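Two complexes come next, and they have one chain in common, subunit A, joined by subunit B in the first and subunit C in the second.
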Partner chain A sequence: MSLPRTVWNTIKSVVIGHSVTAREIATRPITVFYPEEKPEFPTGSRSVPVLKVNEESGYINCTSCGLCERTCPPGCIDIEQAVDPATNKKKPWPHSYTLDLSHCMVCNLCIEACPFDALEMLDVPELATYQVQDLKFNKEQLLDLWKTGKAIRIAEGQPMPSN
Partner chain B sequence: MNDVLAAVLEAIAVLCYVALNAFVLIWLERKIAGHIQRRVGPLRVGGPGGALQSLADGIKLFSKEDFRPGGRDSLVWWLAPLVSMTPAVMVFIAIPFGQHLIVHDMNIGLIFIASISSFGLLGVFMAGWGSNNKYSLLGAMRAGAQLFSYEIPAILSTIGVVLAAGSLSLETIVAKQSAHWFLFPQILGFIVFYIAVLAETNRTPFDLAEAESELVAGYFTEYSGIRWAMFPFAEYGSLFTGCALATTLFLGGWHGPLFLPGWIWFLIKTYILVFIAMWIRWTLPRVRIDQLMDLGWKFLIPLSLVNILGTGAYIALVR
Partner chain C sequence: MATTTPGLQSQLMTLNLGPQHPSTHGVLRVVVTLDGEEVVEAQPDIGYLHRNFEKIVEAWALPGVIPFSDRNDYLAAIANEVCVCDAIETLGQVELPDRARWLRVLFAELQRIISHELWYGAFGMDLGAFTPFLYGFRDRESGYLLMEKATGARMLYGFNRVGGLRNDVTDAWLKELEAYLDFLDKEAWPEYMKLLIDNEIFVLRTKGTGVLTQEQAIAWGASGPVLRSTGLSWDLRKKRPYLVYDQLDFAVPTGTHGDNYDRAMVRMLEIKESIKIIRQVMKRLPDGPVLGKARASVRLPTADYYARQESPRGEVGVYLVGNGRPNAYRLKWRAPTFSHLQLVPLLCRGVKVADMIANLGSLDVVMGEVDR
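On to the complex of A and B.
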């Protein structure tokens, strides 16, 4: 390339570059000051799968079939089926349902596997604790989480809620 | 005795100003970088807009472990930060901040600044050699080539001003600009000088000496804590002196159109040039070493020679 052309190209690109950065200086920053102001989480954000109560019957939908336990890739779900002490027969609800969030990879597969609509994905991200053991949620804690959080069901075959 | 006392006080005043200036410039740099990238920059530490961030950084760096690399060349490694910081501070004594507001007005002020600021290269090279690290040495080699190459256009571009003013004393040069600044007859010299100042202070289009993506941190890879802090300290000190020199030589120093004190005009012009340097830093990508050398030797030096020739011809024929 000839020298005048190089010089011209250099000046042109420098001017264009500086006009871009000048525009950016004048633009408002997109920073969200997190602890003071909460960001809007997009629809379908996932934080923890929780157990859900059937609004009509008032009982949990879980039948302790164990499909979520078997689907879970990291194996963080642990279900113990309820047993009637008198007859020693198995009952269709869980005696204990433990979810270890420290292992959970929030893949949503347990919710897609559940045939009884018993699980929901929570979108509350602030679940940090000081102890790893505190991330092990039992049945009651999972139900509490469901009650407090804004739960969104994004299982297969269900339409995405449109906010 | 009084002379000694005066010298000590002058040194303390200059050091305080250099330290304060470096703190402000580092904070300003981070704010500008943030806003160019649609962030907000430092904000949480305290002061208006997080202005105390640099102070907090300074305290942190002071309290860090004094880590020394094994296999270093002890004396050279230990002296290098001091050697690179001293000229950056020394240059301040010849800069006229206002009329009679100068530590020492020398009749060879310009030559003094040019020769003293060249010593910065020695510190860089000592750091590169003393660290016994390949990245440090590569960075120092690049810095050597770069600073040596750009010293020449920086000095040649000021000769036009010296010819026009007929003096090497910076106070006289500014006094000669009371009617009109040297910017417009010397626009070529100003452009060459400003680019050369950017290269001499290792600022980003020309920061090959510390190119993070290639050389870790260049010549100060092996430094940490307060020893490391001396290098940015020197860098921002010499950025300020480079811009202050450009103001003195081309932008009329303390002269201004309104009735403000001269030193305010001087600082306004200097900090505008500093802002432009930071703006350039966060806009342009780093050049390659061969492009750097091409720009210096094939473009800036001929341009500054043309400037000297034109100015000389004008003075010889018209005056």
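On to the complex of A and C.
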């Protein structure tokens, strides 16, 4: 292609390009100033599986059956069953329930595996810490997390609610 | 050998491009030998994102492999999930409901659009044009929001299950998707073309650079847009139809020269074709369940199967071997960009450094998939 033609085409391209970007002056910004303004997360957004408090009894539903522990692909859940010190018999609740979020891939499989409705998926994504050990949540921390946000359990095969 | 101007001392220089360089698309390290501004040799060095995927999944039960496979090609996670699900379901003889079949096509094509939007922005950046990046990411973000509304996650969905999908979609979501497609078709796509692809500077930079012949592309195992840009109409959606692609009407865009411009054009036209496919799927989406039975514990027989599908980057393949247990005996992942990365020394010999970055960008390499 000849040089004058190239120069002419380049000038034309620049004008066309600016005509596209100039239109943005009239539009509102789509960016959000994050820490001050927070974007709304859709219902069903996943961040961390948490232990749910039963509204009626006030306790957790977990019976420490270990299904979530076995289902979890990376093995980030660790359950220790409670034992009655007097009789040495096993009790149907967890003595400790640890979830290592640094290994968790938020796949929702533990929640689907739970037959007792003990786990729910939280939608609060702001869980960053300075130390990786701080991402190891114990039972009490998981319960506290449940209270901080809107945790839901979506039935399999059903649509996401209100989306 | 270095070409020397008389009276001027010159020597070859070795330069490390990456692994932490914004132009290398992730943690890719290219050891470049330079003669002034010209590349004498470019040797990609991979492995910085190795996660031992293939060995780890041998120990995991099969439902867990699906969310982990998201991490391979993290810019087109659904394509990975659908392919590994195809392998598991075919080998484990799991029935797939009709609606799930159609929805998987819908999500795979939406993922293709999102992936190409990201490529568009990144390729503009590679050529030194910053503005297209903002446009590409604007629409990619609204695409990701749609994905998040349907699946619950932005990038790594964990959405497919053995024998269907975790969630159904609502009519309201489909309406939003329709609006997104309309915007993309009528406003965003022409904007992309005006801003970058039709720009004379872009055309001068990309036409005739990074030329790959059809024989070379086939010999080096290229697939997807890189292969189609050389003129060969090889698309697994047409040639080996899976899911419901045989019932859909779409064209396979091809190039002629196999240069950077053709690769860019093929991807831009694929966005259009994907919009067309999603519209057809939305029109013909059947009712019914999205998740079948017998999905929690699938056992593979002592057999093997190779599932191959067309991801946004090319042929993604899963070679799965079972031995009667609920996990895979062996899983081999065929990553399209692993083959494409081998083309870098071939394409970059004798070009300028800036063109080398353009070549890298037009191959659309994702290191998560290369290193696995």
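Note that the second predicted complex is superposed on the first by the 134 of 163 C-alpha atoms of A that agree within 3 Å, B and C clash if a C-alpha of one lies under 4 Å from a C-alpha of the other, contacts with A are read in each partner's own complex, and residues count from 1 in each chain.
Here, a contact is a pair of C-beta atoms (placed from the backbone, for glycine too) under 8 Å apart; a residue touches a chain by one contact, two chains touch by 3 or more.
For clarity, every value in this text was computed on a predicted model and none was experimentally measured.
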{"item": "Superposed model, subunit A: greater residue contact from subunit B or subunit C", "value": "C"}
{"item": "Which of subunit B and subunit C A:54 touches, first, second, both or neither", "value": "neither"}
{"item": "First, second, both or neither for A:102, with subunit B first and subunit C second", "value": "neither"}
{"item": "Touched partner set for A:17, first subunit B, second subunit C, both or neither", "value": "both"}
{"item": "Which of subunit B and subunit C A:44 touches, first, second, both or neither", "value": "second"}
{"item": "Subunit B versus subunit C as contact partner of A:27, first or second or both or neither", "value": "first"}
{"item": "Touching partner for A:73 - first (subunit B), second (subunit C), both, neither", "value": "second"}
{"item": "Set of subunit A residues, in rising order, touched by both subunit B and subunit C", "value": "17, 20-21, 30"}
{"item": "Sites on subunit B touched by subunit A in the complex", "value": "32, 34-40, 279-280, 282-284"}
{"item": "Contact set on subunit A toward subunit B in their complex", "value": "14, 17-18, 20-22, 24-25, 27-31"}
{"item": "Partner subunit A, residues of subunit C touching it in the complex", "value": "60-61, 63-68, 71, 131, 138, 141, 145, 148-150, 152-153, 156, 158, 161, 164-170, 172-173, 191, 194-195, 198-202, 204, 289-291, 296"}
{"item": "Subunit C partner contacts - residues on subunit A that touch it in the complex", "value": "6, 9-10, 12-13, 16-17, 19-21, 30, 41-42, 44-46, 71-74, 105-109, 112-113, 121, 154, 156-160, 163"}
